[in-house]
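Quick one: the structure is below, questions incoming.
Chains: A, B, C, D and E, in written order; residue numbering restarts at 1 for each.
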């Protein structure tokens, strides 16, 4: 009986929750809705814990794999089962997703308490859980793609939760479409996989790859890897498809925490790590992965510098951190990437939820320029936020320090240039995070006039309206804070006296790059350089400290200074503030021309004038011919006789000619 | 005369008999509506016999019925295989819903409406079941009249233009098919599909030179291409859809267009495999142009129905592409996509009709923010949109994925086809979500929209089956594929070729299914 | 000398003549104000008796093949071909009489002579189908023509009615002169006017240019009667002006008879195929194209159907062309032509009956626009007209479709691919103008002064019912009729070979 | 020789009369020209040995039918015809048509050597004895009995037609 | 000896003159007369052929043509009278209500 873990229950439970709430939630009280949502999420979490604990002891141990007795797809030689797969990688993922997910559900009960469409929110949230768990538990690419697309849908729905706001609706749509662009590549990658391997099943593919050497040039594996990478850039908000994520902050804050920080956006990293067998045999593709990751990390960090919306800062920070993870994958340090993914899930969720608590406290205000001095007013929030900020900044021994440092170290071994990028990014991260911290919690309270148009329209009995969130919201924060503090302990590198448990845990699930490749050689090197690693850890701490000091100086000591500085370098500032005009560029160069061509060329000219014109023209021409032919019918008898006579003459002459020339 | 041998006849002609019954009933709209609903439900019930007793392992057409009809060579010959069975079921499934959807919206000349609807049903079923080319043509043409009348009598402002255009366009094209059918007959002295297929495959007929076959292929192709409609023969479709009454649109999109793709698979490919292969390149190019072009034009439509119509052009492009990849997966996917499109576009048209009943317009700018007054409607609409977008676990994805993967495997330009066609997943998301946003999201722009009533029970009742099907077909595709797969491999004579190039890899792994079980 | 059986061989003609005379005699006995419906009924009984007489002939023919020997000194031959056309033409006349009963009441006309003329004209038509001697054919042709001239001008107070008559008359006589000239030439070339002897002579001596010219001239005359291009010019004007029931008759009856003559003259005399094949080919193509395109812009329903009848003559000629070059043992071209005649008669008579009913007094409502909303005002009438129109378009399950199908099957079997394609494309174009009428009936709201037609008289209803049953019957269960047509065609063939006429050597037109 | 002269003489009158028919603008003059044509044709029939036909030609055609024409012309008081230009087609299409027709037929009759020979002058010698008219009568009432009887119907129709069309009775 | 072709040529000339007259004359009665001219031309052919072939049936044919001509004349003139009554003209160019 214990043979079958019934892994399918893990995603299915939240789906049931979603179905119950979606179908009947409108008639439920909020209390019932939240009970349903929480119950199923918790059950899923429990089930996941049980599975992760039991799986290694069943049969041959991990990876554990089971199919449902019926396939999802049967066509010709292609068979796609509902197959679930649990190895070390998915174990981590499933725990993070269900665990963090459950916490965020709890938080949301408080946060959304006064929102309309309460049942809808939880239905969507549970639906998201279902898809995300499908994604991480799938045993083949296609089922993974189900989750992949599904989380996109949930994201679309949740971003557009306040659908009456044009900006929210736009953001949701943008997220979905941009993700679809990535999915396009993912699909193509899958087609090539089918073509090459005849299967989409992970074990089948990786088994076939076992003895395949790394590709020297740009072979099929490289193309597949690049297509997968492009798919990942959509989901994990990498250049060039990161543009949707900042806009996605239109969604309610728990959504931002769950989907756009902790879980969904890491799907790309999970997918790359999952495909490590392919990527590791495609060194060129790996290089591209690393470069994209690095670029995204620093690029997003710079954009984060100038944002004033608290959630947007976090959003760019997420993009930047995701870049880190991708970069880690790019240097074949998949374990480091996943490690950071996990810690990031803790502290970024915490940051978002904390930010949500802040926003909640100030009545929906999201602009940091209108915050300040909240330290005393919402102390619990302040403290958890502080932990999170220090974690992300990489202050030891918090979780972020270990994971980030691991990435930087691996990068150094692989490509010092990328390390520089990562290093600068670390400094920038520290700076903008502390900027946020100072702007929000220190200085004067700069709230705007009261009771302005608030998305969270609930009144407040405090004089200034600022109030601490209820405990149902704070409790998850505390849990996450604890996780942020201690979560890094599973990955303390040997150089710092730890055992890097997570690294070893993940090792069986991840195919290390083959030794003959550059990444492979770097890996070898990394194993034997303990003392250098220690030095680099010091450098990381230093740059974080520098960021802190800069932020302290500009936003605490001399709060008027930033304005002066930005005035001096106005052009650059505007460039950064406006996110390098990337959105505008996409709009002008891609979206607008496409729409223009569609409307003014394809529809109005090609369709209406050319094709339909030809069709109607044929009709018109027939009519015109008919009109001309009618003129034969002049009504005059003599004319008629003339036609007959001429016809007769022609007939007779023709026949005589035929008769003579027999 | 047991049920087994007469079931196809019953399924085909029960609606027509019902139509006759309706004709003699008194002009009491209530009675007529109920009668039409019961008849169509009865037809659906009978049609369920097909999957129940269908043998997925049989190679041949099943439940065949043959009797001499006209002269020595024209037979009343019906038969069903995995392809036609589901299309028949799609038809019988959608007609009761079409009746429901027309319950209130048709209030003038009710009797005529339902009579036409039921006659149309018979003709459509006949098209799918005919195994005699003459009979096929008879049913093919017979669909024209009821549909044109439905559009012309119950449509909107430019209904006459649309009806005439629909009629003439299809008529002109089918004439070429008739010429081809007759020519085949004069050479083979039979109209029997299987016999002709065997004869052509055997290659003993001297008259069937490659040139002649090419002409025959084109004769059939043009008729089907217009019906599909394949770019650039598609311009009748938006007009027809925009003007048609809801039930007309539903059946037009869901079933009538499938007659074209069904014909392409059954006749163009089935009878002339060599010519089909020979011409596949440009047909695939047209299909891909259709996919992208239809989507881009849909993207800028200001009219809800027109947008859905152009989306049909795009979706049907997938079907044609799937058929002409000559891969098992591609053709399987194409057939599945036919069903999917029937379900999802049928649902979209029904939903469009519901809002038209309330607002009397399809102009997108007249909507906006409707999710607030009509949450149920918005939810149904969303599911339909997602099914059309091709979201996994809904029906649309399965077909699309198979078609595209089939395209990728097809030689020699497969990856190019696949790449271009796969952009379709981006476009469809773009135009459908844009449309959905225009209708449901954003602030309420028009005050009169605030009080719009949400869906009533009847409307929900007519949508639920479609939603359920969209989900079931998305999750449990093997239920359908079990019958489709052998039928397709039967119809694609050399389907093995295309897939065999990859079977080396597959055989290495063993089938993944086997590996895991 | 003249035996009883000889009288039986002309029994239908005798019956018709007797009824015609009876009608003529009774008419003056009725008062000037009395309705002539009773006379119409008498005439109807006349046509029914004719059908009975023909069926009796058929029984005789079945009993003894010798019944089909030429009679009256080689003047007539009763065979299944002639019986088919007798039945068809008598049926057409009967339907037209039935439809006229109401028409004359509506028009406030007294029509004693009218029925007489129809009966006498029918004598001419049926005689044309069984005559095998050019003199008799000529006289029979004149009987049918002259009676239709008069019938066309029956509304003699109406300017356009009379104009139609005079145009028809003058051009008809003009064409007859050509036909006659042809007869003279064939007489000069072969020394005989008997189809049988001509065939024999042509077999023995071959055909010189004179025969070709003769065939050309006869083709002109007959081409005029069947309204084949370019001898079709009279059709629209005459159909527009003539009374609608008369158009029903003259667009089908004399046409059928003329086709019968064409079949006899072209196929039974052995006039070389290579002479007339291309003529028929071009004429067929021209007729279809001119007819259909001409009809596109017509607003007058009668005129539109006139153009359509030109086009249908074209389709029929396709069958002729097909027969001309098909193998000697194949008769499907001819049987297709025969079947087409019947199907066309059913649907066209039906359509004109509706038109004559709908036209109202003085035929005011003949514009397409007048039909707006007919589907709403009188659904049954509209439905019936729709059946006829669909059949004219050639939609399956109607006689028109199967007729076209047989024609084009024959054509394609004879390898006339291009002619078939021209024909099929034409039939698609034609769909437009027929459809226009359907569209107007069902999709437009009633407008203008055209009021709901009064209740359809039982006689008209019966006629419509018969016509629509015939149309649908021919479209769904054509077996019997097709068999008859085939039988007739074979008979003609046998007759041609029996009379030792050399069947024209079939040849492929491409080789010429 | 005499035959040739007579033929040419009457042929000339015929053609002249026919041309005159075309040229004259008053219908009466045209009618009279037609009578001239018919009478000279009767003479030609005699030359061809068709006495009976020649006689009937004068009596029925020139006599009865043409009188009917003249009568109607008088009845309707038709004046000289007006030279309206109703039809360009008549000249543009009809002119070449007639020319072609005439040319074709004339070429045919002069070049069809196989079947066309000379004409026997004078009365046709019957093979069965008796004169020409006898023979015609025998043909008419035996071989052509049926057509002959059927013409009665034709005449009946003509009578009815004349009554229907020309009567003043209001219908 | 007069060659048969002379008669036939004369017949052809008369026939074509008849056709020309039909095309050129405006008066309906004259047009009708031109038809009579054509019939006469045909009759000449018949008689000439009959003479040439020695077959009297040609004569009988002429006889029937005359009967037909007479019948046509009766009907035709009646129609012409009817036309005159409704249109007050015999000019064929003016009898053109029905057209196109």
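Here, contacts are C-beta pairs under 8 Å (C-beta built on N, C-alpha and C of every residue); 3 or more make two chains touch, one makes a residue touch a chain.
Because the structure is predicted, anything quoted here is derived from the model rather than measured.
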| item | value |
| --- | --- |
| Set of chains adjacent to chain A and to chain E | C, D |
| Chains in simultaneous contact with chain D and chain E | A, C |
| Most remote chain, CA-based centroid, reference being chain B | D |
| Chain ID, smallest distance between chain and overall C-alpha centroids | B |
| Most remote chain, CA-based centroid, reference being chain C | A |
| Dominant chain pairing [most C-beta pairs in contact] | D-E |
| Chain A-chain B separation of Cα centroids, rounded to whole Å | 36 |
| Centre-of-Cα separation between chain C and chain A, whole angstrom | 78 |
| Centroid distance [mean C-alpha coordinates] between chain D and chain C, Å | 30 |
| Mean-CA-position distance for chain D and chain A (Å) | 102 |
| Contacts with two or more other chains, residues of chain E listed in rising order | 8, 15, 18-19, 22-24, 26, 31-32, 48, 50, 52, 57, 60, 64, 68, 71-72, 75, 79-80, 82, 92-93, 95-100 |
| For chain B, residues contacting two or more additional chains | 168 |
| Touching two or more other chains - residue numbers and ranges from chain C | 135, 139, 142, 146, 149-150, 153, 156-157, 165-167, 170, 174, 188, 208-210, 213, 236-237, 429, 432 |
| Full enumeration of touching chain pairs | A-B, A-C, A-D, A-E, B-C, C-D, C-E, D-E |
| Residues of chain A touching chain E in the complex | 630-631, 633-638, 641-642, 645 |
| Contact set on chain A toward chain D in their complex | 634, 636, 638-639, 641-643, 645-650, 652-653, 656, 660 |
| Residues on chain A engaged by chain B in the complex (per definition of touch) | 22, 26, 65, 67, 70-81, 83, 139-140, 142, 145-146, 149-150, 153, 156, 160, 163-166, 168-170, 172-173, 176-177, 180-181, 183-184, 187-188, 190-192, 194-201, 203-204, 207-208, 594-595, 597-599, 602-603, 606-607, 611-612, 615, 619 |
| Residues on chain E engaged by chain D in the complex (per definition of touch) | 1-10, 12-21, 23-27, 29-30, 32-34, 36-37, 40, 43-44, 47-48, 50-52, 54, 56-57, 59-60, 62-64, 66-75, 77-82, 84, 90-94, 96 |
| Complex interface listing, chain B residues touching chain A | 165, 168-169, 232, 234-236, 293, 296-297, 299-301, 327-329, 332-333, 369, 371-372, 375, 379, 386, 391-393, 397-398, 401-402, 404-405, 408-409, 415, 418-419, 422-423, 425-426, 429-430, 433-434, 437, 440-444, 475-478, 481-482, 485, 489, 495, 499, 502-509, 511-513, 515-517 |
